[in-house]
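Okay, got some structures for you below.
Next come two complexes, and both contain chain A; in the first it sits with chain B, in the second with chain C.
Up next, the complex of A and B:
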């Protein structure tokens, strides 16, 4: 028994030291959120304790609420788009007699596995004023649009759906494979339509996976910094300043570290709530 | 399956296929175009590898090497730590085991952007800003949960009876791990290493915040900084850099694909 304890401790401790480092960092940031610490200037060296004033300011800050609203619009559109499109693709591809399944899967997956910054660069060029999107539209007879100044949030949303649908698609494809084909055969004999098969067989049986997928991509999209930051930097003005970009701008552009830390913790709280919901749901699913 | 329906499905899939690939095909064409000056996809007038040559010299080469250094060190460190830590989670019962395991799932799921400010502040205190070490450490912390859960899943599939037999023969616990368990989870170790490599290779936010010196940047931050640096955007060079940057993850993904889906489903189930 003592040998087991020794073994457990010695194998776990290196990893726990790393975790401890993270906890210290978080603790230090909690402290910082109660001070007026700046990245530069006199308060960088000797920050003053100002209590809850950062949090008070936060609830009076119109840009904070702006970023919350933008984040909700951005996240819900992207999540809805990725989930619906992912399910649509997975269902189409799992039909019998579909020949180009793997070609489509590879194309969609390619857009997902390339590094974030390559997605940003490629999508930015695609939707650029002189980019491919506008030249395709010109072929159809639509005049060019300055997408990044006229419809910035929409461009980011569609770009993220383009680059992120693969995750949902892969997940749903493996979930659909677990549905026994006999059920569909029985439905065929009863003469049900494709829509009925989807509505009464596929959807209920894939429901747990759909829920897990929704929760995961909600959390990831909510905190996804690189894509929107790389495309627009939060601009023009504050039009695409979603939550993570807002934190970056406050802390690293305006040097308000203390305030940025306070904003981070509200974000962590929001994500934490979604996570708790996720864990409760997992427990329920395991019991079923 | 009715015939017209199959045709309709094919048409929809082909349209999606084309629309998905249009932005990427521009990337490919522009990297080979000797006169790539606009972001519009067009057939290049000639083909050149000049852009790739330039991406492999001077500053871009430096960035590629930085990316490689960061990704390889992170992947090795994470695999080493996770190999050890996953064993007790799979074989022993100890105080706080489930709590820790859920903690790791939680850590895996929350976005990096919530951590970045605390981590930045601690590196300011430790005077480790502008070092590769800070980036490697941070990426390792964030990479451990995935590898740990993946490897725990691999250990779980290895019957404990092998180890028990070796203990009876007088083998020590450590020796049984090295001689019995590890040789059987080679594929698991490879998947953990490559997956961590892939995510560390593509990471943008952490090096962007922690490294402010040109010579230290990985390729992701380098591409971001180069874009619009001198007013005129050099699409040819940027495209070839982006393409080079995208190749390793693509190779890794199609190499570990089957295991990845299993691992993904595995850690979703906890």
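Up next, the complex of A and C:
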């Protein structure tokens, strides 16, 4: 019994240490969100408690709403794109006799595993006015486009889909492998078309995994800062100022740590609500 | 034979003794260690000073290099806030006031008073590291902004006579129009830094240069801060005219596509465009004379002059405006307020800022000196470009060394985006800027100049 207690404590201790540091940081951020603390200037030294003023200000700030709208467009497009493309690629990978599948798998996975900042520069060079994308367009008779000033949010969305699809592909591939081949064989005997097999076998059986994938990509994309910040810095103007970039600009460009903390808590609440929504859906799906 | 128990006791006693000796040694040593933080572009300067410092004082330097690609100021500010900043560190001149207000940096009055070299610094650069009459940072390097670089082969092809010395903004715009008309391959006939991705660069190397020459230079009409009234200038003819110049270039005449302002690396992109001849005229700082080319492909100085010409940015040309103006910035080197051994840290600052070392490094880096006696060092004094561009220093001023400047600068960058990207008129963008300042500092802290 004593041995068991010792083991339990020793196994729990890393979690407790982690929780301690997490709670200290979260506690400090909660405190900061109720103060006028800044990174520089007089209030860095002696911040004042200002109650809910940061939160009140937030709901009057047009840039906050702009960033929220931009984030919803960005996240939903990226999530839909990665999920659909990932599913398509996973189905392709699971087919027998497709010769290029190894090459596709390597290419897609490489885009995913390279460091974020390399992704930014690679995609930036690809979509540059003098880059590969415009060279391809010119070959087919389309004139060059200044993507970063004319279609900045679209460039960020497509770039993120390109760089992140591998995760969905791998997840779906593992889900597809759990579907017994006998079901497909029975469907073949019944004369089902490929589409019917996908619609009535693959999709329902992979649905819980799809939902988990959606949940994870939504959380990651909503809070994913590096790609958009590195690519456009939130510009031109505020055209790509998604929520995490807005937080960064407030906290580190304008040095308003207190306000930045308040904005972060609202983001946590939003992501939390999205997660709850997904989890409810997942429960319902499991009951069906 | 010694028993196992006795042996264990001896090992234990010996270990404790060794630990005590070690601890004592470390404690004694700690008094002779200072930590120094510097960015990679200044590596040669700092490392030679560290060698001399360690040799002459016997103390050790715990060095922390901030590599290229890291937002240096952001890292330093976060280190300050987290209480882990080094004893000696670099502070960008425009943030001195904010750092002092935050209680981050040490006053150097007593040290500079005893330092004979301090008399060799031009007053503008003494002021750059000062706040409310006290010295907090020693300016390490400077430059002259408001430089119009031009690519000579493009000027030659467009038939524009050289040396080019524009008299006013109209002449700058007309020349850029001529390049646009005659050389359609030159993507950026007139490149001016703009927007939040350029950050402080858009203010310091960009619009503040225009503001300084936009209106009559009576009092502080051409500034962001009024030193007489002690208020931020929310709206003025100078700010509106400068924003209108940006609107003309970026939005109306389309002389500078905004795409390059949002490239992953805006500084790198601007330099690449210039050295590849894709810019006709580009507004920047004098230090870029060396930095347009990465070190590996940098042509020798005499060859650079075959491609690159420069002219000071003229005033707007409206009656009473200054013929030329320039603004200087630069990094200072300062001491953390809680430095454990301030005297030792000062000794390092003194060695770092010695006449010979600084002048040689500045000449190599193509940066201007803040010291009158640098010209006596042959490497600096014989550098034709530096001696020529140094003639602008009497016209120079510096950014407003007032707490809150960084916030004001950020809103100004956004106002630039309002005219360049969002299609607002200069008057509307000025109004927006004024309202942001009022929201930030309160109505009684912001004034309007008509």
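Please note the rule applied: the second predicted complex is superposed on the first by the 268 of 288 C-alpha atoms of A that agree within 3 Å, B and C clash if a C-alpha of one lies under 4 Å from a C-alpha of the other, contacts with A are read in each partner's own complex, and residues count from 1 in each chain.
What we mean here is this: a residue touches a chain if its C-beta (ideal position, glycine included) is under 8 Å from a C-beta of that chain, and two chains touch if they have at least 3 such contacts.
It should be emphasised that the depicted structure is a prediction, and the values quoted were computed from it without experimental measurement.
In this superposed model built on chain A, chain B and chain C take up the same space, so to speak, and clash. Of the two partner chains placed around the shared chain by superposition, chain B is the only one that A:100 touches, whereas chain C remains out of contact. In the superposed model, A:237 makes contact with chain C only, not with chain B.
In the superposition on chain A, A:194 makes contact with chain B only, not with chain C. When the two structures are aligned on the shared chain, A:82 is found in touch with neither chain B nor chain C.
Judged by the touch definition given at the top, the superposed model places A:216 against chain B, while chain C stays out of reach.
Contact with neither chain B nor chain C is seen for A:202 once the two complexes are overlaid on the shared chain. Put chain B and chain C next to each other and count what each touches on chain A; the higher total goes to B.
Contacts of A:92 after superposition: chain B is touched, whereas chain C is not reached. Contact with chain B, but none with chain C, is seen for A:174 once the two complexes are overlaid on the shared chain. In the overlay built on the shared chain, the residue A:71 is in contact with neither chain B nor chain C. Clashing C-alpha atoms with chain C after superposition occur in a single stretch of chain B, namely 223-231 (options considered: 169-177, 223-231 or 259-267). Overlap of the chain B and chain C interfaces on chain A comprises residues 120-121, 124, 128, 230, 252, 257.
Across the complex, chain A meets chain B through its residues 3-5, 7-8, 11-12, 14-15, 18-19, 21-22, 24-26, 28-29, 32, 89, 92-93, 95-100, 103-104, 107-111, 113-118, 120-126, 128, 130-132, 135-136, 162, 170-171, 174, 194, 212, 216, 219-220, 222-226, 230, 243-244, 247-248, 251-252, 257, 260-261, 264, 267-268, 271-272, 275, 278-279, 282.
Those residues of chain B lying in contact with chain A across their complex are 1, 5-6, 9-10, 12-14, 16-17, 20-24, 26-27, 30, 38-41, 81-82, 84-85, 87-88, 92, 94, 102-103, 105-107, 109-122, 125, 137, 140-141, 144, 148, 173-174, 198, 201-202, 204-205, 209, 220-221, 223-224, 227, 235, 238-239, 242, 245-246, 249-250, 253, 261, 264-265, 268-270.
Within the complex formed with chain A, the residues of chain C that make contact are 74, 77-78, 80-81, 95, 98-99, 101-104, 187, 195-197, 199, 257-259, 261-265, 403-404, 406-407, 410, 417-418, 420-422. The residues of chain A lying in touch with chain C in their complex are 38-42, 44-45, 120-121, 124, 128-129, 146-149, 152, 230-239, 249, 252-255, 257.
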